[in-house]
Every structure is written in structure tokens, then in C-alpha cells.
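Chains here go by letter, A, B, C, D, E and F, matching the order in which they are written, and residues are numbered from 1 within each.
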């Protein structure tokens, strides 16, 4: 039995709210149960220096948690003067995942920056971030096309992400914080619409895991991500 | 005529939503029109080193803006590695304002940290922060009293804040961004329930201002703050 | 009775020594009693990046305290690796005050940087800094005109600043450290030659203050600043 | 055909040299072909603050690259003033991998710090680091036991790591730099002696990958890691 | 002929003004011609952590230049966020020089911090700093003895410092900035009252120098330092 | 008797291994007994900003110690976020020493960066660094000439460095760590092939030293450096 009463395969209620704030070219509040992340996409008409004059664009992400998004207050990274290793690791993961669904040549010399800021955390903030950021990215691209900044659609398809893991000996999907903090294994999976993998990051927090468990987790992730993509499509419709 | 169509004395619609997030001991979303700030209060059972063993508590605030809370994206302070001068100045102002309404002796050896994070900015983020933070502080103190962490109520009364200024030659209340960016004078005023001043910070952005204008602005601020305090009381009721 | 024996309206002996050091285009030692600040003005033939090509100049200030300018030694900010919030707040105040007395268009594409370094502190370092910096700025501008770097005089008039406050129930001018550390209210006021306000920053350290007290403090400030401007003019004569 | 002429399953020549430097409690130079990493283990008789008094130890790792370990010189992180995201990500991975093979209770209140410094890079520095660090850790633990700092052996078994990937459409093991920089998919796998997974991190650099490809890569990794463990055992014999 | 018209052996006019500022336990303005350095000594009743409980004291120095102490304005180190290599090198030199003249055991568990802040620079700031700091240190020690913080005098004697060098083929003493910026060799020498060396730091900026030149420079330094010590003694009398 | 059994004039066994790593244009492992430093030279086809367009090149060095190159582990500077004063001082010394043997005009608009990374420390790391770096520099220059990046040889001759000191009352050469940590005086000497001095840095750690002792140390250094240069020439042959 999971602490939340969910079945092993059941993900939390997911909502995707577009246009959550006013200024950004894409602005999405994504909720996976009690995990709430604001994803904004900002269009910049320049590219980073290493891409100057190469005729292609760039997509990158930043991630942060509000100090009291968590059970006990975390120090504010701006005040400590640096971003922690976990933060950098997550924003690198989100960045790679989003770049995987964009044709950077078709984007032209523009940069899209996605900010994922966790308003409230209850496990799975990085997978919620990727899932919401993809929708914000799609909105920003529509905004660009409406202004003729780009002609063709650079988006190759959707990406979404889910965490799976082994909790109390059982393979489960979409771990919330009470599960996550006790799980034997925690795996984050990012997939394309075609059901292929972009990122797989599995960590044995307690017991090492076997290949069969891994395969079972990946199958479960594939199923859950298909659900998430239906929700993304509905939101974008 | 103000850009928003408001009369000179009219403040924007203000809403105060308590319990906006789950984890904090006080969590308030405050909205002054399109300006939206999340204020959370966190209770810590220690005090800063300079107060160790002095039998009193501490109240302090931190302030941040989400990178795309503004018209064009601002660099993330955590990523730049330091908080800017404006940020530090604002969090010092919020901190002093909140300490002015708490009897630190009655608070005992506890620290309350108020985080004010701007979700969406449209002028007046510091005054909205103070007004919302006061309610989050009141909730955190109720939480402490319910758990018998403190006996007496350390709160001496409410504080609230409003910006006033001279826009297009006219004294106006609660400037939004289009006004703020063109105002000749901008003044932030923090007051107590008794109608006395805690902070007054006036800056001539364009033309210097005369004593009569200052007095007129302060009267207007007093009026607006009384309205805000009615809203605070209604929210806390 | 004030600790120094001064009357409520009496400011400390003020001296303004020009050409205190050799290298700067303007170099002024300003003394408000035991508070001594060295203000140097440096002319730079470029402008910050955000002003490139806009045909206007810039004026900005930096502020620092020598580690043992104070009663007990403060950590050196260069060694701690960052400037504190108080420092940044003060240098923003000085910068705004000085820009208020310069027509940036007439300055052409030049930057004047004013460094205010506190040699000895006894209260009122920010108001002494502004008062001395204005004279250093005037000297730097004369230096520029003598070299035909600019044609017209960009200086719109003098600025000076004084602190006023409520000490022991009485409104007093130019608080020294023993007063400042116990004052109920502390207010810094920056004015133009025409007797108008550029900045007013009042803080209730103890008791909140009433509008009548504020008005009384501002009147007193106006009087004191007129005295300071006579001294500035005498120094520049 | 792989650029190095190796078969798809063939790993590079691996050498493990113990006691490479004099001062550390464990010091191992590990070479995977042209990739050379110095792994030192340092025993510290304290624990980090969050573990004080809990009767258990800690194992952590740090990672760095010499500036000219790579084809073109990288900036020195000490001189830039911060460690990059890649560095932090790798040292978090090494740390978790090593903690997975140690019973922290049996380690007592000691910390073992493993430093992995890349002398020369040719792909696979993180997997070489884990493989070499495990041997340095074993040496440090022997050193502790020889001095009766701990009674029982806290080491639960060996860990080793290999990269696998899809290069030119083919699943290959132990990618060197020419392969790594062009691979469609790159996956780092960390395993126990029992053939179970501690970490799996797969990234589609180019084309997303299918579940069957993933399974094939994991099987190949399992095979390669078994080879590495034979070399670790031979080195420790 | 030297630019200043001085003979090769002639040092600049040197003045040592004690009690230059009010708060420090020792406060000396030292002038070597146009080079002016404020040296303050602060007594702290603790010792750094590495000396806790060892029954001895510590002497350390910090060094800084006001931004416009130099011909063209230097960036403020506090604002750049770190002290440069030259600054750190100089404060390490001053610290070692001062420690060489104090018996740290007799100082008891106290720390004396010497701050050397350059008000105006014209070459030789580090040697002026050491020469002035020694007098400030002596004053701080007298202050401690007058308050019975220490019984015996921990000062073993005076130290002073001079720069010597090869300018235009000639060995000269006490180089000013026009000489220093063109000298072939620049050497800083720190000596005791007994005429022995504490520090010798010679650098060939242009041509390498021969042993005979070195010996000649050291003889000249010895002579000049004797003059400086007479001035120190006169100031302390 | 020296702890190592060496005679007073005897330096440790010195080896210079060229091409120690693959990627750098010059790569030398230098060993002075148990002190081992990897020196790599990297050719960059640009110059620092202050030299742009001046038709000359630049040579600079960086220095670091691996965390466990020392008896007890030192904090990693990249992780602490800044390089310490000792590190900066040493890399400034190495930089100046190397620039002294290169005609920067003949180098053209290229920068050569020398990285000196201490693999194992046993005293004398800065003198070993200079001695090895000179060989790496020569190799990088040969590499440039072979590619016709420069026509004439910009190298004016070799430089090498040795430490000398007073240990147990006796003047000794090439102090190892047990001597260095107890020496009364420690002096680092950098010389040219012609037997002239580039840098002399002598510090009395314990007793101040006399001119005769200094002369004796310099003679000893001259002798030892001649030996080092024979080894450099043999390595380069």
C-alpha cells in the first residue's frame, strides 16, 4: 500500500495551467499532486557567444526552489552566493531534455530560456518541471511564429518525464515525497512522443536493483508518460 | 488621467490569500492588481549568533523576484552569485518594518524568517510584500501559540505599506509599473495601526519635490494604508 | 541635553578641504565633527554599456569604510568577498543624489565616479559623503571644462544632506554616533539649493513617529542644509 | 568500425597502480587507455556536522580536471571561483557510488574523502574515477583496520563503472573521446560485485533510444564491469 | 639624475603622525614623500581558531588601496568581490614582518590586526606600510600594557622597510612611482634594529642583476632603514 | 646533519620527464626528490585584452596543489571558491620568472599559459615548478616554430630555481619538507643561464639573517642552479 493510497501504477492528479503569469512568452503552472512548479519561457533575440554566427538557436533552462517550498526552510541560493550541485544537475537535465525536442537550426539565432521555479515541493519536481516546461516552450514557439520570427516549426514533438522507483519492494510510478525519501531506488525517465528515451537516471538509494526491475520500471514510466502527453496535448489544444 | 483609469486616490484591487502553500507556518499570496507576491513565514527554534542567550527572538526577511516576473527576463541572482543592491535594500526595509510590529522579548528565542518572492511584478512589489508578510507573520505567531511555543502575543499590531508619488504633476497612490517608470517622485510609506510612520522613503526620480507635496503624499498614504489594514483584518478574521 | 552639549538645531563644526589628495580630478576631505570622509571624483572617458551611443553621461558613487574607522574593527569587505547591504544601500543613495544635480546630456559620453571612503566614523557618514561628494564633483567638472571635454556646465546646482532625528523625545539635527545609536527615529534628508527634496529616508528605530514630528524634522533639515550649502559655496569660491 | 579499431565489446587496456603517491591513506592511478585519473583516499577522524553524534561515518568524493588534461585548455575552476555543473554532477555521482559499497555504521565516526583528479582525459573519466576510487577506498579502509580505528570491515563489496553507448548505430563499450563526442547515446553504469545496478545515467545526445537498445547496453555494461572487477581484485591481491 | 632630483642614496621626506584617527588602539599616518598610508592597530581579545588554547597571541595585517589613491582609478576590491594577488602578497609580507618583531608568547591570547590603507600612492606603499605599522603596533602594545592586559613587553625591537633598486643603471634608494615604473630591478628589504634581514624580495623587472649589484642594494637599504628607525624612535619618544 | 642525510650543498635527485601527458604543447613532469609537479604549456592564439593590437605576446602561469599532495588533506581551492594568497603569490612568481626568459615581441600575438600542478609535495614546489615549466615552455616554443607560428626563437635562455636556507645553523640547498618546516631562513632564488638573478625572495622564519649569510646562500643557490640547468639541457637535448 502506498502512503497516498494510490495503486502502484497510478500517477497523481496532474494539471497544466497555461498563461499563469502575464509577462513571459510561455507561462505554465504544472501540478503533480502537491508539487507545483511555475515554468516560464523567455525568448531572447541573441544566442550565447559560442553560437554566434552559426545560424542556429539555443534552448536552456534554469531551476530554483523557493526557500519555503519544502518541509523545512532551505537557504536561499542567491543569498548563499551559489547554486548547489543538485540545482545545477537538475537544470542541466531539463536543458538537455528540452533541446532534444527542438531543431536548433529551425529556431534561427534565438535563445529560449525556460525558468522552472518550484512553488511547492512534494517529490518529482524535476519531472514536473520538464513536463510543464515543454508546454511553455510550445507556447513561446507559437508566439514567435505569430510574429514571424521563425517560419517553420522547430518543435520535433513533445517531451515529458516521470519518476519511477522501488518502494517497499514494489515498482511504483510518480513518487511523492514520503515515498521518495524512503525509496530503495529512484529513477527519472524522459521520453519522446514516439516512446523513446531521452534521459534515464536511476539511483539505488538503498538496495542495488536488478535488470528485471529496471525493465519493469521503464515499462511503467513509458505508460505514465503516455498519460502525461495526453494531458499536455489537451492543454495545448 | 492615470494609465489604469484609476482616480488619484484609488488603490488597485487587493487580495490576500492565506494558506497559499502547504509547508510554511504562514503562507500568504498578496495581490496588488497584477503584482503578485508569495510571502511565507518560517519558524526557527534558534536565534542568530549575536542574540544567543539574550532571551529574545528575531524577525528577518528575504526578498527575491522570479526571473520572468518582469517585462523582460532578469538574470537569476542565484546564478549570478550575488544579490543585487536593490534586493538587499528591499529585504532590509521589509525586515525593519516587520520587527517594528513585534515585541522581540515576548517572541522568546525563536527566529521568524519571512520570504517574499515576487511571482509577477507590476510596480509596488515592496509595499505588497510588507502588507502580505504582516499577515503571514500573524499566522506564524498563531501557529506558535497553538503549540505553546510562546505564551503572550508578541505582535504589537499590524503594519502595512503603500507607494505614493507624483505622476504627471498629480499626487497618486499605489503606482503601477507604467506610472512608476515615469513618476517624478516615488515614495514608499510603512505605517502602524495607530497611523504612525515606521518608514518613509521618498526619491525624486525627476523633479525635486516640495514640503507641501510631501505632506500631501503622506496624507494620501495614510488613507490608503487604512484601507489595506481593513483588508488585512478581514483576511485574518 | 544632547551628549555633545549642542542645542537641538546645532550641527557639528563642518570643514571641507579641497585637493586633499593629488591624483583625482576632484578630491575633498569633508568633516562633520569627528566624522571624516574622503570623497574623490574620477573622470572616465567612457560610459557604462547600457548608455553606449546614447549621447549622455553617467554619475555613480561607491562607498566604503576603513576597517578601523569605527569603534570596534569591522571586517574588510574586500576580504569577506562582498559588500554588505548597508554599503550598497548607501552608495545607491549617494549615486541618486549626485545624479539629481547633473544634466547627464550636457555631460556628454563621460562617467564620473565618486568614491566616498570613511576615514573616521562618528555618525552621519552618508550625509557627510553626499555633502563632500558634491564639491568633489564640482571640481571634476571644472577640470573637464578647463580641458574642453565639455562645453556647457552640466551642474544644475548644489546638493547637500543632513541627518535629523528624534533623540530623547526632542527633534535634533546632525546626530553623532552616541545619539544615532539611541535615537527613536533617524531621517536622512537630501536637498537642492532651491530647498526642495531629492531624498527623504526616515526610519523609526524605536517608537513610530507622527506626521507633525516628520514635518518638524524636515523643517530642521532644510535649515541645516542651507548652512551646509553656504560652507560648500565658501569652499568652492 | 570503431576509431580505435576495438571490437564493439572491447574495453581499453586498464591498469590500476596502487600507492601512486606517498601521503594519502589510499592512492591509486587508474588508466582506461589514455584516460588517467589519480584517486586518493584521505581518512578524517571527524564527520560532517549533520552526522555529529549519530555513530556513523561518511564517504564523499571530489572531482577535478587539470586545466590541460583536455585537448584544448580549460579554465582552472579555482581561478574562476566556482566548480561547474558538470564537475558537481560527477562528484555527486562518485560519492553516491562509493557510499553504496560501505556500511556507514561500521565505519564509525570517520569521514573518507576521495579525490579524483584527471591527469589526462580521453573519455570515460567518471567511470575510471569510480573504478579507481573503489580501490583507493579499500586501501584506506585497510589502513584504518591496521591501526584499529575500526574493527569490522565496513566494505560491502566492490563497485566499478563503465560507459556504454550507441556509436555509428552500434552498441559499444568504454567510449573514448572520439566516440564520445559523436555518440548518439552515452550511458554510464555503476554496478556491484553481485551484478546489480547502483547508478544508470543514459543520455540521448543525438537520436532517442529504444528499450531494446537500453537493455543491450546494460548487458554489455554488466559484462565489461565484470572484467573491471577482476582487475580491481588482482590489483588488491 | 633621478626624476625627483634626489641623490642616489637619498630617501624622500618621511613623516610619522601618531593618533591620526580616534578609535584604533594605534593609529599612524606614515608619509614617504607623496605616498601616504594610514596604519591602524586593533586589539582583539581572542585568537584565530588554530591558536585556541595554545597560550600565545597573533599579529596579522591587511592592506588596501583607496580606489583613487593611484594615477588612474582602480576597481574597488570589495566591489569586484575579491582581493587581487598583489594585495594578498603585500599583506602577507606585512604580517610576517610584524610578527618577526613580537614575542607571541608574551602577547598572551590576543590578536593585533594592523590595517594599512593607502590614501595616496607614489611608489613604496608596502615599505611605508611596514614602517608605519610598526609604530602603530608599538602604540597598541602600550595601550595593552596600560590596561594590564599583558605584563611584559612582547616587542623585540623595531622593524622598518625600504625599497631599493636599479634605475637608469644606478643603485638608488626609496623609489617613487616614476622610478618604480621604469626600474630594471626593484627590491624590498625589511630589517631589524640590529641590522639583520627579515625579508628580502628582489625582482628583475628588466635586466637580471648580478650578486655585486644585490650586495650594493642591500648595503644601501641597511643605511636607509637606519634613518627610518631614527624617525620611528623620534615619533615614539 | 640534514634529516635526509644529504650534505649541505647537495640537492635532491632531480628528474625531468618530457611529454608526460598527450594534449599539451609542452608537458613535463619534474621531480625534486619526492616533490613531483606536472608542468604543461598551452599555446593560445590570442593575447589578453590589455595587449590587443600591440604586436607582442604574453606568458603567464597558474599553480595548484592536488588536495592530497600534502601530508594532511588541504581543501580544494575550486570548492572553497577562491585561490589562497600563497597560491596567487607563487603563480605570480612563476609568471614573472618565465617572462624574464622570453622576448615577448618575438612571440607575436600569442599567449603561452603554463600550468604547474603539484602531484606530490615535499618542499620546494615553487622552485621545481619554475625549473620544469622552463622546459615545458621550450617545448611549446619548438611546437610553434615547427608550425611556423613564429619565425625567430623568442627564448632568451633558460631559467631555473632553487631554495636555499639556514637549517640548524647551517646554510643548505634544496630544502625538503622536514627542513623547510623548521628552517630559520628560507630563500627562493631564480637565475638565468648567465648566472644573474631574476628573483630573490628570502624570509626569516625564525632568526633574522645577516648579510654574510645571505651572500653565502646566494652563492650556494648559484651553484645548485648551474646543476639544474645541466639537467634541463640534457632533457631538452
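Note that in this section a contact is a pair of C-beta atoms (placed from the backbone, for glycine too) under 8 Å apart; a residue touches a chain by one contact, two chains touch by 3 or more.
As the structure is a prediction and not an experimental result, all values here were calculated from the model.
Considering the contact criterion stated above, the chains in touch with chain B and with chain E alike are C.
Counting only chains that touch, the fewest steps needed to get from chain B to chain F is 3. Separation of chain B from chain C in touch steps, taking the shortest path, is 1. For the two copies, chain D and chain E, the CA superposition rotation is 120 degrees, given to the nearest 5. Two copies of one chain, chain D and chain F, form a contact in which over half of the residue numbers belong to both partners.
Between chain C and chain F the centroid-to-centroid distance comes to 50 Å (mean Cα coordinates, whole Å).
Look at where the CA atoms of chain E average out and do the same for chain F: the two points lie 28 Å apart. Residues of chain D in contact with two or more other chains: 81-82.
Listed in ring order from chain E, with chain F immediately after it, the chains are E, F, D, A, B, C.
Considering their complex, residues 21-24, 27, 34, 36, 38, 40, 42, 44, 62, 64, 66-73, 76-79, 81-83, 87, 113, 115, 117, 119-122 of chain B touch chain A. Per the touch definition, chain D reaches chain A in the complex via residues 82, 84-86, 88-89, 91-92, 96, 100, 187, 191-192, 194, 196-204, 207-211, 214-215, 218-219, 222.
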